[in-house]
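Multiple structures are listed underneath, in structure tokens.
Two complexes are shown next, each including chain A; its partner changes from chain B in the first to chain C in the second.
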Partner chain A sequence: MDNLLNAVVLLLNFLVVPALAYGSQLALGALGVTLIYGVLRFSNFAHGETMSFGAMFCILFTWLLQSWGVTLGPLPTALLALPFAIIATALFVLATDWLVYDYYRVKKASSLIFLIASVGVMFIMNGLVRFIIGPEDRNFADGARFVFTARDFKEWSGLAEGLALRSTQLITIVTAIVIVAALFWFLNRTRTGKSMRAYSDNEDLALLSGIDPGHVVRIAWILAAALATIAGVLYGLDKSYKPFTFLQLLLPIFAAAIVGGVGSPVGAIAGGFVVAFSEIGLTFAYKKFLAYLLPAALVPDGLVQLLSTEYKFAVSFVILVVVLLIKPTGLFSGKTL
Partner chain B sequence: MTETNRPVLLFAAMALLFVATAAIIGLNSALFALNFCLISAIMALGVNIQWGYAGLFNVGVMGFAATGGLTAVLVSYPPVAEAWAAGGGGILISGLLTLVTIAACILAYRRMPRGLVRNWALAAIILVGLFVIRYFYDPAVEAIEAVNPATSGFLGGLGMPILFSWALGGVVAAGIAWVIGKISLGLRSDYLAIATLGISEIIIAMLKNEDWLNRGVKNVIGLPRPVPYEIDLQQTEWFINLANSLGINPVDFSSIYVKLCYALLFAAVLLIVLYLSEKAIHSPWGRMMRAIRDNEVSANAMGKDVTRRHLQVFVLGSAVIGIAGAMLTTLDGQFTPTAYQPLRYTFLIWVMVIVGGSGNNWGSVLGGFLVGFFWLQAEPLGIWLMQVITAGMAPDNPLRVHLIDSGAHMRLIVMGLILLLVLRFSPRGLIPERTSRAH
Partner chain C sequence: MSFLIGENMTGGYGGADILNDCTIGVEQGEIAVIVGPNGAGKSTAMKAIFGMLNLRQGKVTMEGEDITALTPQARVHKGMGFVPQTNNVFTSMSVEENLEMGAFIRDDDITATMAQVYDLFPILKEKRHQPAGELSGGQRQQVAVGRALMTRPKVLMLDEPTAGVSPIVMDELFDRIIEVARTGIAILMVEQNAKQALNIADKGYVLVQGANRFTDTGEALMANPEVRKSFLGG
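Presenting the complex of A and B:
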């Protein structure tokens, strides 16, 4: 019985909890991609860099607050800086819309032109981030490190395996739930949210009903910037902030959005968790887990790791390929919000 | 300036730039820039085939170029007999088993009825296959990497002349492009972009981690050359005589001579690719491609198989990129996976095509030369610019130090700006595509 419990705790500690946190971050990122796709009809390649940009602003504001001696006690100061970072990122994103995308929208350019423009924006943002904060690794999580440590858990339960919950993991999951609930309330209950859904569903009909397209587009960018900033900050708190990781995060985020069905918010969330659990599940070494469950003679020699961790992206890519082959519209097939 | 004069003038200006570089900085660095530009121009032609002819957006140029580079290593490097003896068999068996697993998956997918049973069967085949493959693969890799890890530790190549790899690099890149295209073409247009982004990241991750294949980040150096070595030339009699009669120091002349040989080889390839591209675009096939690009629906209604044509043109363009990738590795004489950065290998090539004029082969070549040339000069220029801007500040001023250190990141911003500005204000590029209405 103890062995079974130990095995379960092992999985919880190294697979389920990290995957829940990572999945929440991906889901928030994918929601932003899906929102922009639903309203503006293009895949925004600059979304990863928007996350990076938001996280950078958050770090700068955190440093400012810390230099004033303001902290949040056990919680990271970054949470206090987050609203300011969201405002700064949203302003920047609105500026890019005004300077870059607005022209093509008026011209009714093809979605591919938007996509290329977004690649241009991506590189400019990437350059700005490296220019402002530099390419180094930044760790900006302060406050309490753990909600409970592996040692606490072992003493409490008397098991050989420990279960730790880092405060950043708990914050990630709780924030993601709150944000997603707020987003769904906004899309389904408020007038602006409903007009966004209408616009995404049928642009011409929405225009005929007197919906202001400029307003809808602006709200979509602000929401995308907010989601991206939150996702970027949570990712940075949970791991650490490195400017170059965000280009690599683009692939799992797109995979999550496509798995769920681009344009579908529920799909984006489901997709985020599908990608996170597959990525961590396939790169997890199951040897110790099997050792708890199997008789000693049957335990394999190797690590029982299906894929080495360097090929994390390959997992998102394979998921992407499978979805494109079998169900290109995604799990929650939909083009509308 | 008339339509026909414009390209001639632009190319003349480009030639003048090289002459000026040769006169001011030296012939050696002018030739270095020329070789870089020749290869860039071929890559730009490849992207132009995809984007200019068919409107396909490939974000994975880097992956195809790296594939070409890997082919250069695998073709030219002499085989490491010890490593083959240690683990060659294991690698071959696991390769064979991979094929068997894939075949079993396809067979199960085709033969079994749709449903939950088939999905579980597929998952089981993949899982069992993965474990069996790794049973042979892991010890083989360990054995290979244990053979002289400091100098080799990989299987080596075929030991054939490196020139073969140029053609073969194109073939391998075309094969990868076929798989990617087969999966993502015919769906929404941005799926190709996302899929190519993914495959290029995976190719680079593989090149960095599969040490048995190409030594990973330890790099393969000393690839054989298609041209003579400087050191040999300096000891050859006719060469010393030639250098003396030209009045140049034999040591300097040997370096110039080698670069000239490369330039001739690259120019020959460029001319062949350019000739074929021009022939293709002015043929009925080229008109069909443009018709598909400009209006997919009506081309489809005329009975053109849009998805198949897209696949064809995507494969062709990727093959050209693969050829250029193999040539670049040949020029470098070494293979360094960490050198493959999306900015340099994907994005720069895109800027070349868009600045030069998408849809026009001459435009892409000009773009390759012009953007390639300024890319090489940008770093010294950027550092110089930063030093001028900050000249008034104290040498240890933190802002000055930061600005000078960040000079290199300016490239990202400048390239992004060029792309956005050209896309907006001059979307047809320097040498616009010639449509029948224009003349």
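Presenting the complex of A and C:
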């Protein structure tokens, strides 16, 4: 019995909890991608860099607050800086829309041109981030490190395996739930949210109903900027902030959005967790887990790791290819918000 | 002078003219029907009145005011409601949300108007939480008409409201359209089912090649042997 419990705790500690946190971050990122796709009808490749940009602003504001001696006690100061970072990122993104995308909207350019333009925006944001904060690794999480440590858990449960919950993991999961609930409330209950869904569903009919497309587009950018900033900050808190990781994060985020069905918010969330659990589940070494469950003679000698961690991005890529081959519309047949 | 009239309209989508000196008008509380063979410019004439194409000549007036230069959106604010032939509902949204979106330009309380729409189409009240995309063709058309009625328009324009629905549903829809007209709304519609449509029409326009061929009351057109022979299949 203890062996079974130990095996479960092991999985929880090294697979489920990290995957839940990572999945929440991907889900928030994919929601932003899906939102822009639903309203503006293009895949925004600059979304990863928008996350980076938001996280950068958040770090700058955090430093400012820390220099004033303002902290949040056990919570990271970054949470206090987050609203300001969202405002700064939203303004930047709106300026981008005004300078770049608006021109193509007026010309009624194809979504491919928008996509390429977004790649350009991505490179510019990438460069700006390096100018402003530099390419170094930054750790900006302060406050309490653990909600409970592996040792606390061992003492409490008497098991050999420990279960630790880092405060950043808990913050990530709780924030993601709150943000997703708020977003769904906005899309399904408010007039503006409904008008966004209507515009995403049928642009011509939305115009006939007197919905202002400019307003819808602005709200979509603000929401995408907020989601990106939150996702970037949570990712940075959970791991650390490295500007170059956000280009790599683009792949799992797009995989998540496409698995769920681009344009479908529910799909983006489901997709985020599918990608996170596959990535961590396939690169996890199951040897110790099996050791708890199998008789000693049957325990394998190897690590029982299906894929080395270096290949974790291949997992998203394989998921992406499989979904596009088998069910291109995604799990939730996305198209509209 | 009609309540809403497009006079001597000439124009098209850019290339050759589709409408040639075409005049279409409708009075409040009346049903006007545009019929004619395929490619006669029926839908184009209606779109011209709604401002969806540029006229080279002619003008559109409503309540005596020249609205030729207004965009379709501005005409909605003036009191025109338009039901397109296809893609006329928000498929992913519930019936009730469709109606709410129809009333988007209104800032006042819309519950009374929504209740009226539900009285007119009781089936919609039953299905109000269902996505409009899951409804049958006839029910979708009811949603589409209901959505347009939510602005409390003075004129309702319907582009082939009975396209693709069964004859029973068609009769049902026409009955509802008559009810709407009785509330004082002017109704202008384009119809393929010419006979049935002229039966309920106060005024009928037979268009051929973008020009008026016959204009009369629905009854007179039905009785006109030439119209019967050429356009109503004997």
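In the analysis below, the second predicted complex is superposed on the first by the 337 of 337 C-alpha atoms of A that agree within 3 Å, B and C clash if a C-alpha of one lies under 4 Å from a C-alpha of the other, contacts with A are read in each partner's own complex, and residues count from 1 in each chain.
Assume a contact is a pair of C-beta atoms (placed from the backbone, for glycine too) under 8 Å apart; a residue touches a chain by one contact, two chains touch by 3 or more.
What you see is a predicted model; the values in this text were computed from it and never measured.
Student: Once the structures are superposed on A, label A:Ser195 by its partner contacts, choosing first (chain B), second (chain C), both or neither.
Tutor: second
Student: Using the touch definition from the top, say if A:Asp204 reaches chain B (first), chain C (second), both or neither.
Tutor: A:Asp204 contacts chain C only, not chain B.
Student: Return first, second, both or neither, reflecting whether A:Ala27 touches chain B, chain C, both chains, or no partner chain.
Tutor: Neither partner.
Student: Looking at A:Val39 after the superposition, I want to know if it touches chain B, chain C, both of them or none. Which is it: first, second, both, neither?
Tutor: Neither: A:Val39 stays clear of chain B and chain C.
Student: Using the superposition on chain A described above, determine whether A:Pro328 touches chain B (first), chain C (second), both, or neither.
Tutor: First partner only, chain B.
Student: Per the contact definition in the header, classify A:Ala19: touching chain B only (first), chain C only (second), both, or neither.
Tutor: neither
Student: With the two complexes superposed on chain A, say which partner A:Ile173 touches: chain B (first), chain C (second), both, or neither.
Tutor: So A:Ile173 meets neither chain B nor chain C here.
Student: Quick one: in the complex, what on chain B touches chain A?
Tutor: 55, 57, 59, 127, 130, 134, 138, 183-184, 187-191, 193-195, 197-199, 201-202, 205-206, 208-209, 342-343, 347, 350, 354, 402, 405-406, 409-417, 419-420, 423-424
Student: Which residues of chain C touch chain A in their complex?
Tutor: Within the complex, chain C contacts chain A at residues 72-73, 76-77, 82, 84, 87-93, 97, 100-102, 104-105, 147, 151.
Student: Spell out the residues on chain A that touch chain C in their complex, using ranges where they run on.
Tutor: My answer: residues 191, 194-195, 197-198, 201-202, 204-211, 335-337.
Student: What does chain A use to touch chain B in their complex?
Tutor: 42-43, 45, 100, 103, 110-113, 115-117, 119-124, 126-128, 130-131, 134-135, 247-248, 250-251, 254-255, 258, 302, 306, 308, 310-311, 313-314, 316-317, 320-321, 324-325, 328
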